[in-house]
Amino acid sequence: MAIDEDATAIAARNLRVLEALLFASAEPLSIAEMTPFLGDGANPRALLATLTRDYASRGVNLVRRGNGWAFRTAEDLGFLLRREHTEHRALSRAALETLSIIAYHQPATRAEIEEIRGVATGKGTLDLLMEARWVRMRGRRRTPGRPVTYGTTEAFLDHFGLESLADLPGLDELKGAGLLSGRLPPTLQIPLPFDGPLRDDEDPLDPDDTGDGEP
Amino acid sequence: MAIDEDATAIAARNLRVLEALLFASAEPLSIAEMTPFLGDGANPRALLATLTRDYASRGVNLVRRGNGWAFRTAEDLGFLLRREHTEHRALSRAALETLSIIAYHQPATRAEIEEIRGVATGKGTLDLLMEARWVRMRGRRRTPGRPVTYGTTEAFLDHFGLESLADLPGLDELKGAGLLSGRLPPTLQIPLPFDGPLRDDEDPLDPDDTGDGEP
Amino acid sequence: MSDPTSDSTTDWFAAPVTRPADDADIFHVDVAGYEGPLDLLLDLARRQKVDLSAISVLALAEQYLSFIATVRDKRIELAADYLVMAAWLAYLKSRLMVPQAPGDPEPSGEMLAAVLQFRLKRLEAMRDAASRLMNRPRLGLMVYQRGDPEPLVIERRRFWEATLYELLKAYGEQREKTVSTDYTPFTRTVWALGDARDILQRLIGDSFDWLPLDTYLAEYLVKPEHRATILASSFSASLELVREGQLELRQQEAFAPLLMRRRKSDSTE
């Protein structure tokens, strides 16, 4: 009985600790980042599930973003909180298309992006997306020329309110229509966007790899 | 009855709005700033009181700061956000040399240290020795430019296991220990360091004296 | 005209709707607004106002070719991309109009049309996906993070370590560095073995009397600093001469004078 009470007290304390940590941080925190703050034997996943439930109906929700967890204002209150944004620069069409192609086709090389857009992609566009921290260089494809492969980041998930790439809008329809295939006509194997560890055909980047040179 | 239910729903919604507002704000919000976001006839004070109570036992509390309100990490969890990181580091060669010269030649000015070392002494080195609490500014030499005089501290004696500066080995001992070669001119003298009160040629430091600027 | 094949700065939200829709003179001569031939083709296809999978590829090819022809008539420069696409579409058109002969290794017009349709659909899908992404409740626009984060404060404390020995050593080295020492290389006279041998041969000459080595070398041993090297070299040389049978050496006891004389050759014995 006393042990149960202790367990309850410890769980309550751990919940408070997680609340404080997640509230304090502007960026999503991974379980690995939170664990050191919890007592021994704590179950961070269970605690996060409890917190998510506790906050589900509130003005601030606990959301998952890739491997990270963060408090964010409730989506339905967005219209109310919407602020005047003066400095928010709209992305160019090239940048938007490039971003969506990387998101839905990742890991994608520049040549693959260009194949879909039918235009050369200036290095500036990729730089801009990387500067926005939405796109990262994943590695290099193990094909002639060893082109850089690009993928999205956790900041991308965070910005667009996605728990994982599986939440990308319209992903299933696109998959069904064979439009995520790089080849023509739609092949049997339909690739899905993938932001996990390096694939078999990807090499890691060198520490000082700065990507493709200007074409 | 229906009106009561409506009132409850409106209050719940207002609470959510306040939560989101307070969470997203970079600064504490005053009641005047929050009111426009609430429905007509809302009672911000009552709502804030409810929120304060709701969060009182949580890891994050609603606190009042002057006229403003803000979410803050619960005070008892503040330690979570503060971590001490201690690292032990070996003193650089430049710092060791500077320290040894100050030890033997104190009170010593930077110019005197540089004369013996034969190289300019960066302010960083002296700052580091002062940060280590081994060196202190004693006063200012009563010579043109009024340079700061440096000396060692009690923490210095403590760290190096010396009862007093008189325990610093003299010429013969240094020679005997092989720390000075035999081929030295007979004129070489090891001075007697002095860490007592200010000497006749030293002025006290002003209370706000921060030492020499970068040369 | 700006380069239509590179990224234009066109704002996706502001610009595309301003492009005149289903205007009769869509062929107003402007390629600068298009991001390459595929973009232009997609725009032309949209004007057929049907599902992309139901567009007439033949009509599309004709529209594109006539657009390019108009542009070229007006002597407006065209990027190579547009011309490559025009060539490909002309080929597609010809394949579509001529029925595929059996055994023709070339791709059929239908296959080429499917390829074009697929590319247009895929580009449109990506554009659609982009706008759906942008319409999501985005962070900082509809959803907010903590406005006043309380970041982790890491108080760094450094403990410096040094030993008394290191301190004293550093001091000793500093003081020695400042002592100006004049270094004069010390040169010493050394008797080379060869020289010693020659001198010894000459001194002993044909003397068959036992005489101490010191006596032979008396005139050379005046300077004390040369004594060691002369004795050492001469002694070594004498041993060599003994081995060759030219000299005899004798010593009564340890540290006694070293006596030597010319060895009588066996023939003279």
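We just call them A, B and C in the order they show up, numbering each chain from 1.
Please note the rule applied: a residue touches a chain if its C-beta (ideal position, glycine included) is under 8 Å from a C-beta of that chain, and two chains touch if they have at least 3 such contacts.
Everything quoted here is computed from the prediction, not taken from an experiment.
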{"item": "Intersection of the contact lists for chain A and chain B", "value": "C"}
{"item": "Distance-maximising chain from chain C - centres being C-alpha averages", "value": "B"}
{"item": "Rounded Å distance, chain A centre to chain B centre (Cα mean)", "value": "38"}
{"item": "Centre distance in Å when chain B and chain C are each reduced to the mean of their C-alpha atoms", "value": "41"}
{"item": "Distance between the centres, which are taken as Cα means, of chain C and chain A, whole angstrom", "value": "33"}
{"item": "Chain C: positions in contact with at least two other chains", "value": "144-146, 150-152"}
{"item": "Sites on chain A at which at least two other chains make contact", "value": "23-24, 71, 73, 81"}
{"item": "Contact set on chain A toward chain B in their complex", "value": "15-21, 23-24, 37, 57-60, 71, 73-74, 77, 80-81"}
{"item": "Chain A-facing residues of chain C, complex", "value": "5-16, 35-39, 81, 114-115, 118-119, 121-123, 125-134, 136-146, 149-152"}
{"item": "Contact set on chain A toward chain C in their complex", "value": "23-27, 70-73, 75, 78-79, 81-82, 85, 88, 90-97, 99-101, 103-104, 116-122, 124-125, 158-162, 168-170, 174, 177, 179, 184-186"}
{"item": "Chain C residues touching chain B - in the complex, by the definition given at the top", "value": "144-148, 150-164, 166-179, 181"}
